[in-house]
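Look at the two complexes coming up: chain A is in both, with chain B in one and chain C in the other.
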Partner chain A sequence: MRTILTIIFLIPLPVFSQSLAFDFHSPENIKKFADYLFCEGDYLRAIEQYDFLNQNLDNDTTEFKVMLGYSELGLFQKSNEIFKGVNHKSIFYPDAYLLSLKNKLLIEPQMIKDTSISSLDSFQLKSFCRLTTISMLYDDEFNIPEEKFISPFDEDERNSVLAFYDYKVEPKYKSPALAGVLSAIIPGSGKMYVSEWGDGITALVVTSLFAFLAYDNFNADHNTRAWIFTGLGAFFYAGNIYGSVASAQIFNARIDFEFNDGLKFFLKQRNYFLPEYDFCK
Partner chain B sequence: MTSVSKILYIVLMVLIATANLSAQDVFAEQFNYAKRLYEEEKYFDAVTEFKRLLFFYEGDNYSFESNLLIGLSYKEAAKFSEAIQHFTLAELNSSTEYEVFESRIEIIKVNILRRTTQRAFALLDSLENDVRFRKNSEEINYWRGWAYIFSDDWKKAASYFSKLENCHQLSQICDSLDNDLYNPQLVKFLSIVPGAGQFYTGEYVSGLISIGWNVLWGYLTINAFMEDRVFDGLMVGTLLWWRFYSGNIQNAEKFAIEKNLKMTNLALRYLQNDYSGKKP
Partner chain C sequence: MQNKLTIFLLSALFISSSFCQIEKLKWQKADVSYEKQIHDKKRNYSFESDNAGEFLAKSLANAYWFFISDVDGENCPFRPSCSSFLLQSAKETNIFQASLMFFDRFTRDMNLAKGHDHYPIVSSGHFYDPPHNYTLNQGRINYLPPSFIVDDE
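Let's look at the complex of A and B:
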């Protein structure tokens, strides 16, 4: 009888304990859920869950994942604020350091002046060198020999890096002043100078035509028409000079845009020379 | 002794059953909590809690409704791709025809909202051709009408709403707007007479300016020809008169398009804020 009663009391207990003890918000379950959200790419919610967790558990993996999550969300400043709290002895500190450099570049493209840290392994050190070297391209006073500049990069990267280097050393700018002067001398030539051949030829033909019509009408004593053609010719002439200067400025802005955009695309393609962290295996 | 064993056996069974029910309650509670967040319009938190439930619960009991509500929450936050993803998951976890229909209609509504109306039409066609949903043809026509509204085809929209009811409110709105809209082709045709297109669209000042320019350059062109200055006439005619004449047509068409856009935007704003029926 006693045995039976014991069994009666004991059997349901584990079942009860399993069901009643299931706590969605236990640290273990929050972590599981946060990891799941992180792997799903739902970084905002994952970070929220990791934040709950950090109050109960000091874990450098979750700290790094929060930093990574903010960076993925484009909140680079926030990501770097997390970096400030990362312990120097943490296994993730070198990775977090490199990530903070990437964030810095994304917050404001500028030369990275930070120095290397001793805890970087050889692979991380290479990433650091490549990242800091490529960031020099954002410096206004760029002055580094070609050999030295391309040395940290792999063979397959060197052609692209070299193209950026050439772009930076000898930007193919056009002079707005020269474009204006050329158009003042020969209408349309300033446009041709900035490779806008169609506009240049049109400007030349139209301005010449109006000039001829004005001259011819003055000669024939058709003063009204002559003044209309003079006015139109002058308008086209002045407009063409202004347009040539503006075209040269636009040309230069496009050169800068293509350089910056190309560099950004190149870095993004290579994840800023950082390894791809996979916490979802 | 036999009767005591029986009693004990019954007690044991009751306890086990209670335990299972209790386990169920935890998930039911979580579901209700998430649903309450959704009802309180705390969509971010609602999505989190539904996802938490779906992650920990191994059964399928909550899959349909949770995914549907996640989709609706994302929709409220204008995260349309995520919404469609979860409506699709809801459809995959649906157990009745009604649930399949509901999920698909939600997908259609999101496609209408984000103006991928071609996709909405394709989905509506598939629903219409599905024998299971023959009884839902009215609702299908209703959403087809909305898809035409967002495709800027108010006439067709009106025709689909009138299929539901002769004087359906939406049908009247669409009809009235369609009558008010300017026909850009007609405007271009009227502009053969400089300024007429602008007058038709109510842009009188612009119409008068257009007439002025065309009269001036027309006069100078004809005058040049009359004075046997053929080259002058050709130049003024092509470089000035023709430029201003074609500009007058383009200008009138632009006015018609702009005014139509203003009217359709007003109508859409009215539907969004003041129409009380079902909306995407």
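Let's look at the complex of A and C:
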């Protein structure tokens, strides 16, 4: 009896465990699954599922979510291609517009020259102003008064924005020509000028050492050795002048790199002044 | 005997319900290769050069490799190594500029504190210091921070 009961109890398990009667591939279920993947941050698969929807249940929200998903994946160009198809009357159009500006900035850091659109609300307009203003820092012909530049930003953002402003207006570059001249006068001093202290001291020691060896050998009438040391010393001396100029250029490249990297980090921290969209509540 | 039959039935049913696959596609084995590619960096001892300066640099490098480096072992802490740096510099610029770049590199090599927060590191552990940063062409400088790790290709 017990065996029969067990068998009867267990038979439905394999039969009904995953029945084909349940339609996993209905548009509603695909959308539910896509929404779930989106909320899990699996944007690539979420977009794939949204694509399966085609026209069924496809709406402004899914369209914006696909655009957002591509942007989160770093496929900014693709995201902006989706934006081209967003209906101007869609409630997500202002958000999509701001997102497209963010994408544009991420595709290529440049000054945003796009104009505001009438459908932006006050919060979105503020985001737009901050984004376009900060993008001016990428302009080579940056020329805007400080007061005007920091005006769209909140009090807690102003210090950082001001630091970027100062960085842009007066970059702390070092002069390659001066570095070369300094090294010509005192070997290694050009390297020290660009904060390469170790290289500078090494250059000073090496050049001085060869100069001394050359001088000493000339004094001792060891002319062959003296000329070898003179030649080596001359190459180290000239190489150091050359290297000082190159080091100053690398120093300036570092300044630019730190500026761009810092700005990128600042913008990323603030999500490019865009609101955080939460579709998962 | 009856107990054994029950256990067998239970196991069979449990397995069939647990592992049944109703999807159209069965799980397949992934076609993954775990082979690690080794970049065999054999030295090129040929004298092929585009100009006299490059030929001179190549001759010097070949002689250094053959008589010193191959015997003594690879000791240069930089990538590219100092001899390769000279060759690449000669290729990118001219023999005069390449000589200046080489002597500057040699001085930097002698710096005892060169490892302190200066160069990005190659995954092999060497300091990454490519010649294109030293051609005095600002546009060619590709600054990488010391925290950056360069793939050893």
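We adopt the following convention: the second predicted complex is superposed on the first by the 257 of 281 C-alpha atoms of A that agree within 3 Å, B and C clash if a C-alpha of one lies under 4 Å from a C-alpha of the other, contacts with A are read in each partner's own complex, and residues count from 1 in each chain.
Here, a contact is a pair of C-beta atoms (placed from the backbone, for glycine too) under 8 Å apart; a residue touches a chain by one contact, two chains touch by 3 or more.
None of these values were measured; they are calculated from a predicted model.
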item: Touching partner for A:H222 - first (chain B), second (chain C), both, neither; value: first
item: Partner chain(s) touched by A:G262 [first = chain B, second = chain C, both, neither]; value: neither
item: Which superposed partner A:T202 touches (first chain B, second chain C, both, neither); value: second
item: Contacts of A:F236 with chain B and chain C, given as first, second, both or neither; value: second
item: Partner chain(s) touched by A:P109 [first = chain B, second = chain C, both, neither]; value: neither
item: Touching partner for A:P27 - first (chain B), second (chain C), both, neither; value: neither
item: Shared chain A surface residues [contacts with chain B and with chain C]; value: 11, 18-20, 206
item: Complex interface listing, chain A residues touching chain B; value: 1, 4-5, 8, 11-12, 15-16, 18-20, 22, 24, 29, 32-33, 36-37, 42, 45, 48-49, 206, 209, 213, 216-217, 220, 222, 224-225, 228, 232
item: Interface residues, chain B side, partner chain A - complex; value: 4-5, 8, 11-12, 15-16, 18-20, 22-23, 26, 30, 44, 47-48, 51-52, 55-56, 220, 224, 227, 229, 231-232, 235-236, 239-240
item: Residues of chain C that touch chain A when the two form their complex; value: 2, 5-6, 9-10, 13-14, 16-17, 20, 22, 97, 99-108, 110-114, 116, 118, 133-134, 136, 138, 141-143, 145
item: Contact set on chain A toward chain C in their complex; value: 2-3, 6-7, 10-11, 13-14, 17-20, 176, 196, 198-199, 201-203, 206, 235-236, 238-240, 242-243, 245-246, 249-250, 252-254, 256-257, 261
